[in-house]
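Presented below are the structures under discussion, each in the form of structure tokens.
After this come two complexes, each holding chain A, first together with chain B and then together with chain C.
For the complex of A and B:
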């Protein structure tokens, strides 16, 4: 009698959208922990608001589209989008800003394009781009460093009960650098700025560098678990740091070093959690590398030469547009055929 | 001259079934650029209605004299002459509004709705029918632009009828939402107009799908839920 068993090459870890999304959420935890240490528990409130809004929006759209509610609600993809939105928005933004952003992401960017697996644009980045275009003032109010508010005070600011005080109007390290360079008109150089200003820390923005390191840690864990391949993050980091290094080598007085750029703004969050999005990103390995590389280059160009505080969101959205083209030209040859264009 | 049934058909086509903005998707440029407020949208629609109605009558009257090969330049000449008149009238009587609408009044010449109606309808029908077609196509444009302008104004700034003093001096726009409403700027920008237009089209298709579902026998003869314009 013959016994059939599963051949070894078919043995693999059971993987489902829910498992993957759960591990992505786990990978965000180190970054969130550093965030809480830096800013306070307000960010947790934002995460909760975003999660509840995302689930409500998802349930509404699923009911409207007559899909299976329990299956899609529990897959966790909406929660990942919600967390990415909460982490990329200013931590003390008013509650309705997070709600509007999350609803835009879930309803417009995700479900109106066909739901999970169909959206051409990264929903979280659509939310960020739409909100920074619509509410530029609120979206650039980052809490000033050393602003120590307890949980209740943060809650009041988020709920809109307390006035949005002046001490709120801190700038991100990227913004601070850009503004200082623009104001000084060539009379001050980057190394002096980095060494003297309060907002800069050991190798990037004070405090923010550790949040970015947390994302890096989580991202490396995702890579080690083989949930993301190295191509897209590597391409993104390479693109960003190549351009940063070239300009830095050419004129270190006017351009910050690549490490500063990597650990500032949304660069590492983008590299490991956003350009790796399996839906809106490329699918072929070479395609992922090209996608990441160009997104990194664009992110640098937009954040250094553009008017917005950071360029990751716009870079990713622009590259999302190019995905079908890149995928078409980066398909590996079929076995047995010569690789001719 | 024209019977009741034909009148009804021309009216329904213009206002709903072949709505220039929602079905034919013609004239998107003024639609995106001008409908930042309700007043702007309505006034540009009124200008377009006048141009369309008169151009339709003129072309329908002359349709047997216009050589087929050069009909488009002739149509454009007729339309351009009318637009020049409207442009001067706006400049004289609504000068402030004229400054706001700016280039979009002269651009009515290139508006595809005008040329499309002249080419597809007035060139083949009698003057009276063409007049009605021009007016009702314009009414279809009017309510769409008014709705879109009102929505964009309300979402973008919380106001309604702002700028009405440019048309009726002494009247004031309404501030519907509280003064500390931050203003959803995206709605005022062109992408917001595209998104809202998408919602309007979805709403129209939904209404038609529901109507078709309610009476399945008559819905089947209409066929596609998106009736395409004839000859356009």
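For the complex of A and C:
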């Protein structure tokens, strides 16, 4: 809308949106590696489906909006969204579920709100929330543990060529814990469950705990590269573990320990890759801390007391709504005016 | 560095505690190429184009005319206001023109300049050295103004206007800015290396005028030679100034950043630094002030870094007004040079034309090539990553300002402190979306300024409207008063006549008595009455025998009261008009020229009209005698309006 006649600036650091997004993708790789190794190579299929769908959806919307296709397609932001969707959906979800989720994220949550930089909600979390509300059964079918399927078999299940019912009897560790507690009606306690049930591993879900550790590693790398600040992840982890620790200290028979909660479900993926989303999150240091803290508290409340197996997506979306307010009230004081009222 | 440390402790006896400012960036400095050789004198150019407006504040008025012979250092533009600075001829020669010439400004708009053809003799005007210690401070400030001393760091703010301490606040620290944080630039560096003692001498002028308690000279630690030279000079001259090497980080050379680093004080946009007991001057400014007072040499040249895509980068001492084309030729630009920048690459701009002259703000000229400064990648949407906020030295939220500027929500930009932005360009430097943030901020600032101007205009119009209403009311009141007086006079006359008719016998004695008493009343009233009669109003008819009438006085008193008020208002207005300068009193050179042109046109037109009227009269006379002349007359009349509009 504004045209500047002289070159606006002459010196520039070698940084770009593409480089930022590329580094986020790189940071996801340790988690993905653990995923492939421990859960199964099906996730690679999902990542590919999500990526292709996201790029197609992005291209379609960019064409409709008459934007520069090559420039925006190559910024990598759609791929980041796609990967986050694939990583938060069940690994053997039917292909069309991933397609629907990704299109929802790119077309509705991103472009209908104005495209890159304009979306008030995290697109991947919109996709997850919409799908878990619309397809609750499919979204809670996780591969049963001990199920050893090769790549071809996983591909067939995702493509809908093999029957789903027999294999998809599993649940996430969070869901398993919640269901067992509900069914036992107080006759069994959490430590026993964690120690006896096969779905639980050393400190969280079997296998999943290492996937989460991979995300933690990638997140720390992003922090070290200064692509994310410590505020939002720290706030999120603090919020989640504070509440978990308080309830666990009060009644360890009924509530799992904070480490279990931290390494289960989408907690660490959320802490380092979702609440750190600059577009839909807070921007001021204090704001980021508050945003993360409240998202962590909400995530715990929803996953433990709510009806869904995990609460990260809803917590983040609810907090996205509060961003303008938090930002407005957390503006840092400026140079020279720090002592002014 | 250890040697420097030794110097430090020797000269100051203690180590200066340093503070830090938030944000900032560390671009490559590229300073080495231009400091290989010492400062060289640029040759006399074939023509000099000295702009009259080279500083912040009022434009100086031309004091020379075409054909005048000027000498080096002669004032050719006088400061027209307190916040203004004089302009001087930078060599001796002849004034070829006083005209608009393209300026070294991003807009490329022309500015009134004095064109001088040098005579090659370079003859000085008579110079009168002054000792600032023996003069009252006011006179020293005036001398600085008349010598054209302005901030040579690039801001060109008249220095004399910065040399008054704030009321009730003693100046604790005087900061001398030799940080020079812009990449490529080295004019201050070489000046400190080569003329350190003169700078140190000049500091005394500023220190004494401000009665500053401490003097801190801040130099970025990537200039160890300058630091050493300044420390040596301070030692040689036995001064107690502290020379401090500050960490190299752009924009450490920003006045507010350097003040922060050296004193820990933060000066917001809403305050002057003297209000916090600190003031800051650039080393180049200090040097020029010293030359101005100690040698009587006004600011007619400056050190310019000529660097970039050149065979021979170095620093030149250049006469102000030297066309840039002649200056850059000295550096032998390489073949792929595609544009020239003035100022550093962070805050500078691309020069619109090389015809523009070197001015007091020209600290650095960079020859640029596409490989040196590749074209900026396309602008992407802001992703609110906050990288800009991390590097903002004023701790603003540039991306918020960007969103508000884009949305033309200027109220919000002010709420988010847009006027605290110093346009250092750190935000643009790091933005991953390549958004020209500073440009957006300049846009927002200029919009806010123009709106304020509009508002002022509207307020003035409102005042004019109210004044007109008041005048109309007053005129009506005057009319009413006149009518009332007239009516009263007529009624009195009638009654007097009736009385005279009723008592013709006692008439003569009585009427003479009445007349004398009337005269007495008149005399008693007269001191008060003249103001009640506006000068332009016709004198009211005074009754020969007015007093002793029962109904009239009430009406008359009221009218007089009204008229008195009106007259008082009129007097106040006249006083105001006398006190305030009329808008035709202080005209710029350009306005005067335009006025003269208009007057000349009008005079010509009037003369023509007169001639035509005479012609028409003659024609009419002729028409009286020759009946058939009317049709001939018509076309001439039709012609007239056409001529008038020319």
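Operating definition for what follows: the second predicted complex is superposed on the first by the 323 of 341 C-alpha atoms of A that agree within 3 Å, B and C clash if a C-alpha of one lies under 4 Å from a C-alpha of the other, contacts with A are read in each partner's own complex, and residues count from 1 in each chain.
Rule of thumb we're sticking to: a contact is a pair of C-beta atoms (placed from the backbone, for glycine too) under 8 Å apart; a residue touches a chain by one contact, two chains touch by 3 or more.
Just so it is clear, the model here is predicted, and its values are computed rather than measured.
Chemist: For A:134, select first, second, both or neither according to whether it touches chain B, chain C, the two together, or no partner.
Modeler: first
Chemist: Would you check which partner chain A:108 touches, where first means chain B only, second means chain C only, and both and neither mean what they say?
Modeler: A:108 contacts chain B only, not chain C.
Chemist: Between chain B and chain C, whom does A:283 touch in the aligned arrangement: first, second, both, or neither?
Modeler: A:283 contacts chain C only, not chain B.
Chemist: Of all residues in chain C, which touch chain A in the complex?
Modeler: Contact set of chain C toward chain A: 21-22, 25, 27, 106, 183, 256, 260, 266-271, 341, 345-346, 348-350, 368, 373, 375-378, 380-387, 389, 393-397, 399-400, 406, 416-417, 420, 425, 428-434, 436, 438-440, 443.
Chemist: In the complex of these two chains, what residues of chain A are touching chain B?
Modeler: Chain A reaches chain B through residues 100, 108, 112, 130, 133-136, 138.
Chemist: Note which residues of chain B are touching chain A in the complex, please.
Modeler: The touching residues are 182-187, 189, 195, 198.
Chemist: Which residues of chain A touch chain C once you look at their complex with the stated criterion?
Modeler: Checking each residue of chain A against chain C gives 1-2, 4-13, 15-17, 19-20, 68, 71-72, 75, 77, 115-118, 229, 278-279, 283-284, 331-338.
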